[in-house]
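Chain IDs A, B, C, D and E follow the sequence of writing; residue 1 opens each chain.
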Amino acid sequence: MTRYIIRRLLQFIPVILISTLIVYALVFAIPGDPIRALAGDRPMSDAVRETLREQYNLDDPFLVQYFKYIWGIITALDFGSTFNGRPVTDIIEQRLPVTATLALVTFVIQTIMGIIAGILAALYRDRFFDRFVQVSTVAMVALPTLVIGFLLQLIFGLNLGWFPIAGVNNGLSSYILPALTMAAVSTGILARLVRSELLDSLKSDYVRTATAKGMKRTRVITRHGLRNSLIPAVTFIGADLASMMAGSIIVETIFNLPGLGQQVFASIQGQEGTVVVGIVTLFVLFFVVINLIVDLLYGLLDPRIRYE
Amino acid sequence: MSLSAPAAADPFAEKKSVLEVDGLVKHFPITQGIVFQRKVGAVKAVDGVSFNLREGETLGIVGESGCGKSTLAKLLMRLEEPDAGTVKFRGEDFLSVKGDELRRLRRKIQIIFQDPYTSLNPRMSVGDIIAEPFKLHPEEKPKQGIRNRVKELLDLVGLNPEHINRYPHQFSGGQRQRIGIARGLALNPDVIICDEPVSALDVSVQAQVMNLLDDLQKEFGLSYIFIAHDLSVVRHISDRVGVMYLGKLAELGTQDEIYTAPAHPYTQALLSAVPLPDPTMRGAREQIVLQGDPPNPANPPSGCRFRTRCWKATEICATQEPELISRGQITQLAACHHAEQNEKVVPAHD
Amino acid sequence: ACGGGDNGGAGNGEAAEGVEGGGTVSAYNCEPQFLVPANSTEVCGSWVLGSLFTGLTQTDFDTYEPTAGVAESWDTEDNVTWTFTLGEDWTFHDGEEITAQTFVDTYNWAVDPDNAQQSANFFDNFLGYQEVVDGDAEEMEGVRAVDDYTLEIELTEPFSPLPDMLTYTAFYPMPSVAYDDIEAFEQAPVGNGRYMMDGEWEHDQQISVNRYEDWAGENPGLPERIEWMIYADVDTAYLDVQAGNLDILDAAPPNRRTTVEADFGDNAQDFDTSAFTYLGFPLYQEEFQDADVRHALSMAIDRQLIIDNIFDGAQTPAENIIPPDLIAGNENTCEFCQYDPEAAAELYEEAGGPDELTVYFNSGAGHEDWVEAVANQWRDNLGIEDITFESLEFAQYLGLHDEQEITGPYRLGWTLSYPSAQYAMEPIYSTGASSNYADYSSEEFDDLISQANAETDPDTAAELYTDAEAILLEDMPVIPMWFTNYQVVHSDRIDGESLFMDQATFTRLEQVVVTEE
Amino acid sequence: MSEIHRPEARVEPIDSTLEPAGEPAKTKKVEEASLLADAWRSLRRNPWFIISGVLLVLFLSMAIFPQLFTSTDPRECLLGRSRQAPSAEHWFGTDIQGCDYYSRVIHGARNSIAVGFIVAIGTFIIAVVLGLVAGYFGSWVDAVISRFTDMVFAVPYILGALVFLNVLESRGVREVAFVLIIFMWPTMTRLMRGSVISVVNSEFVLAARALGAGPITIMRRHILPNSLGPVIGYATVFTGIIIGAEATLTFLGVGLQLPAISWGLQLSDAQPFLQTVPHLLLFPVIFVGLTVFAFMTMGDAIRDALDPKSKK
Amino acid sequence: MTESQTSTRFTPGTRPGDAPLLEVKDLQVEFRTKAGVAKAINGLNFTLHAGETLAILGESGSGKSVTAQTIMGILDMPPGRIAGGEIRYRGDDLLTMEEDSRRKLRGVKIAMIFQDALSSLNPVLPVGWQIAEMFRVHRGLKRKEARAKAVEMMQRVGIPGAEERAGDFPHQFSGGMRQRIMIAMAIALDPDVLIADEPTTALDVTVQAQVMRLLKDLQTEFNMGLILITHDLGVVADVADKIAVMYSGRVMEAADVYETYGRPGHPYTQGLLASIPRIDDEGGRLRAISGLPPSLTDMPPGCPFNPRCEFATDRCTTERPELRLVAEGHLSACHYAEDVYAGTATRTRRPSPTGAGMIAISQEAPE
């Protein structure tokens, strides 16, 4: 078991190396000269361009660039810098808390809401609440994130004034609307997953036993049924946490949260390989940790699952 | 029936062994802690079991609940990997074969699971469940067509062939058990390991099933390992009987030896506790009531494992582990320093 | 407006000030790329730098003529050698005095290739620029401090718009601390402008400046404090202005046009700007070399219809190339910019224009709709059935241009960095110019521009520029589409009368009057 | 060593001894049943299945034969009638370019449904195969697959899309679908793996192994049907998510290229006009919603049908 | 004993003055299946008094577990459906009771041991927790106390190393141990009525004896009524007070335990008793009742046992025999019950030599 964890931790190394390589390659593969784009309509002089290209190793072949980058990290913990000279570590330091908070709030919202909604939908199967969950999931999926975000801003930010419309200046409440936006689709999916898994497990004998023990229906469901149905939910939540970055790109933009998503998107567009890779490395680390946790949770949720 | 009849000569002495089991061991780790689990010990589920099973023979296995019978069965099927020991099927090392070879051998050894419900795929109809062996081993495809054969099998085990399209959850416990039996029989294997195959059946159906097993054996020279708690059933069907206690064989002998003259105190206690289907005998029989709690398989007593509950235990039992051997007069093998045949404990009707 | 607004934060003692001026203004901004003057090429940074710095000259926004900045006056005989007399009271925010040497140092630093300043090539007509770039010289010969307060600039050729050009961000002076650690400097630039940094640049969040009370210029800034709130999305900023969390959004998103009235009523102002959008032709492709083809394509576009329906009127149809508000700007209409589908069809037919077109534009910048509308009009009016689109990321898009791989009309835009007709034309249309993506070349035009640049009399120069423009409108290397009309929306705290956006699309925050605290 | 095979006799005789004698076994015709056949039978009687089926058929025919639903040319656009509200002439009003929106939405079905379908099916297949293999074999196979999944996860799909779609010559349905598949399979794969892991230790799997079933058979017959539930549930919603992702790509400038017509493009175009011209958003949203609804309901019905216990 | 033949109520062993603890009247349960409605229970009647042990014997699939589930109110509905009848606990009809009050009885007053111990235990919760839950929820004990109680219960049912193993999960226990855990859970709160559905099938005889002793003790201590569903006729003989024999969803015979074993009043019971393998019997063929039970979806008219009955006549195929008193405290549902009871019934058919069906005995071959 402990060995299992150690082995998993060791697996991080190739994963991170390879995925940074992939990402680096992808950024490298974007056609067009990033330095050229920096200046906009009015081109900069060749001399300046040369200097900049050299400064960012852009004239080196791809692998050389990559190794220079990795070498910088290994020897000097230098994660590179943006084209406007900000060290990537600075950017991460500044933006990570924002994205982390956003992810955390989203996670809390969607987990709690999703699971509760799923439980209620299963409890009241085919009744109003169940249909409501179904229909709102459809609506959430059909409405583009941008629209959901905008509607939330309009309703809760502008008209009701409950939450700030944008920015991060109001502490946690700044994150409520963006988190809701980001959680919208996942909450629906989660609720449906929980619902159907619960319904499945409600058919099982041990749930019958719990009933026969005289437990209240809610207890039967939450204590006996739920645990057995959580594996897909936990997987989904884990995967969703991992893919939150894609979501954060848009949400951070609409809600003007200076987080990593925003940055990564800007850097992708600006072809700032080092920044993208730096941030993505962070995300890879995050994913592998999350996935490790998820796998460990499997064992917790279902003791029949053994780790070799 | 004469209780004192000398143990009959072993009728299978000439027969070849189909299954040779030597020193099988399986320990399950006991862990503590939630994320960083530590191993704090091991349940010694099977702890050095050896026997051989011969062609056409039925070996009954009885023993205390939790003494490792099902684990033994799973080990024999290679559904659990043993920690030590060997299993030979017709002289071939069964534990080292892989892939197709393993699959080929598995066709010859079948198991009927103790738990009739969890061992049936809830999403397969009974027809599919019983037909599965034929699908897996196309060379065994019955002449009359798989479906007809499945119906026959259902009928054989006393299930209504019309229920071929039902799903396991639609059956009663005994009916499910018979589905498992039908599946085990389908391929006409050489060895069937029956883990409590008839425990959930009413006596009439049980009689049918046992007759069936009997017939099959006569017809094809099948061998059975028959694990059960109902000692009458075991006696009825077995040629030899092994008594297990805490992961080890306590006694092994012919059915006659064991039932008429048990030598191991545990066997004696077991036999004395058999309830007889006769209310008038209530309380009339003398039972050997074992003192104390069954020991913890994670931490079995030193020496003889039974000594903590044994009325005969002496010093030596605590220090020296008795081997499974035949001692002096006693023809069967008994793992007891004080093995002594005792005929009085054997229950008798009237 | 009391809901959750936490503007200012610092002690609010301004109420006592009474008269005009004072108060805090919060304004929308995007995240600047750079805050080093010679390195800043985009709006977000330039806007901030404009408050932090004052160059040798400034623009008079009434006339778009250059007025005194650090230089009190200037003089030239031949448009080649210019003498600037500096004011003597100018200091940087950290107290460092500004002398002619300050400018010499700054300019030399800016062109030094090691410093890789993106705007370095604005100096390319300074004498000695090329040598510095080539590494043959340390300093530009053409920039000289005659004495503490006399600066001499010598150019390689006559260039009348120099005082206009010097208003541009790239020519702001920098204090000596900048050279020690330019990165640290960038986080909190020390300038000589109306406003000084309050704290550091909070990336992606805000930049705050306070009024610099020792500013030596004529008309100091009115608001006591300006806070640029950095937004990633304009729509969000729009809502924040609506909610009273933000005072000024300089460019309401175009799709809001129809609701601005309802959302803001009087709190919205329209401004014409020099932001020019055009559809260029790759003249290196054969099928576009016939001017008639270009004329026909231009005449087949109903600009007003597109502006009305796609932009809700947020553009002014371009019938010229020089923004009309400039000195040289005029209303003279462009013959081939008039919508005339029949004539266009005929002309196109005659000229044998291509029957399939690929239209290029950069993606993700909101050009899809109007480009599609143009294409629809071409299809309807000219019968070009097969029109496809190629949209690319900007970097790639420019790459295609550099490689001359564009095969059809392309969208580009041009905003004037300094208000001069020269700048509206020369970089784009003169032979071999840096932004001449159309590969246009006309000797006549080049001559006229040179003449105008050499002309010392502003009025004559303006005429010459107008003549040059006429050639462009006739040759039509690009189809002028429109000048963007910006709509500035603001909160109730701002006096709408005082709002003004200049040609370069900068809202002049220093003139804003805060009415309510 | 020689096989000890018993004589042929073994096939038959059991019945001869134990044949149900007396009354001839009732030869009631019992239909052949398997999980799938049963599932199909119960599906046919499930009204929700019918409803969703009809909807899907409707959308599919819309995708294949848009002419059946509208005779208006979706490309006939008159800027002069831009953004008109729904009217008798233009049921769904007109869009920014002044095209008939009804006809646009109908014609949008093809690309959107194609992308949604291809991606959903593609990811589903990848997920099921990889999830099964990883969950079943565990140990290093799982490690390799799972780590590989992590890596793909780590690459923001937007980055991938930007790169691939920019490099590719054209950006049609195939290209967009391809990129989405490449970057979107990990979630579903993990879901599948998770549910495989939770059934792989079941006793009936042991039973199948004891019968001599190989990994493929076990996976296919025993694990797959018992672990598909969550994935089906997710995949059906996923179709909608894909249509949304297509819109996002468009928003980022790398989606389907003009002059293609798709719901994603429409959603993306309509966003700025949410307040002023809501019908531009409303209609594609309704269509996407109905598609998602149909898929979801169908998924539920299939899931139910695949569970013998839930048969009513 | 009161004469209540009018209703087919079965009341042997009634102690005058005792109100019955549990009364099942004319219970009917059906399942919907593809092939039609399967009538699993067709008019079932029995009564249980405090302190009494009622053994329900019967054909596998005759509806014993369904009956138990129906009493507990945990039948899956659908596909199950209660088509009629009453189940009275101390006079209150459970079937019409509010769900909430019924729930309060479950586990506390009426408890059940399930037949299928592995699937009936929650695989993801430690067994100790599952037992402790009873104390925590119904007795309001604290976590610690409840756990201690749970361990105590595990010890009582003879699980070795209970203290350490309380935290283990069901799959880590052997079949018999799981069964004992189920038992521990069911008797945790000393219920009034305990329904034990094959509680000892997976137990060896020593443990079985121990468990049965435990149940007996509880019974005397708390005057518990025990419904023992089992196939083990040995156990029944040892512990039951009265016996109901079920076949095809109805009670065929009901009597005192001595009566049933000594003088069965129904051919099915006779057949059953004859099938028992004897411990002192070495081998040979066992006598089984030939044939299959009728399909529940299309029940033959008349006596459900008639196709398999040695004594069946034409009457048996047309007329359904009701449960009636044949002797003091002895009920049977056979037209010829008296004859069977007295051992004078005439055999009309005998089992086919294949052991499957029945063959009519020809006129000239009198038995």
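Keep in mind that, in the parts below, a residue touches a chain if its C-beta (ideal position, glycine included) is under 8 Å from a C-beta of that chain, and two chains touch if they have at least 3 such contacts.
Here the structure is a predicted model, which means the values were calculated and not measured.
If you compare A-D with C-D, the chain pair joined by more contacting C-beta pairs is A-D. The greatest centre-to-centre distance from chain E, using averaged C-alpha positions, is reached by C.
Chain centres here are Cα averages; for chain B and chain C they lie 91 Å apart.
Centre-to-centre spacing of chain A and chain C amounts to 38 Å, using the average Cα coordinate of each chain.
Our note on geometry: chain A versus chain E, Cα centroid distance of 56 Å, whole angstroms. Averaged C-alpha coordinates give centres for chain B and chain D that are 48 Å from one another. With touch defined as above, residues shared between interfaces to two or more other chains in chain E number as follows: 34, 79, 116, 118-119, 171-172, 292, 355.
Chain contacts: chain A has residues 30-31, 150, 154, 203, 205, 269, 302, 304 touching two or more partner chains. Residues of chain D in contact with at least two other chains: 17-18, 20, 33, 38, 162, 166, 201, 203, 251, 275, 307, 309. Within the complex formed with chain E, the residues of chain B that make contact are 1, 28, 30, 43, 62-71, 114-118, 155, 158-160, 162, 165-166, 170-175, 177-178, 196, 199-208, 210-211, 214, 229-233, 235-237, 255-256, 259, 269-271, 273-282, 287, 289-290, 293-299, 346-349. Those residues of chain D that touch chain C in the shared complex are 77, 79-80, 82-83, 96-98, 162, 166, 251-254, 257-259, 269, 272-273, 275-276. Against chain A, in their complex, chain C makes its touches with residues 3-4, 6, 33-34, 39, 41-42, 113-114, 116-121, 124, 133, 183, 186, 203-205, 229-233, 235-237, 239-240, 242-243, 245, 364, 392-399, 402, 412-415, 417, 427, 434-435. Touching chain B in their complex are the following residues of chain D: 1, 4, 6, 9-15, 17-18, 20, 25-26, 28, 30-35, 38, 202-204, 206-214, 217, 221-222, 225-226, 306-309. Residue ranges of chain C in contact with chain D, taken from their complex: 235, 253-255, 258-259, 302, 305-306, 309-310, 362-365, 368-369, 371-373, 375-377, 387-393, 396.
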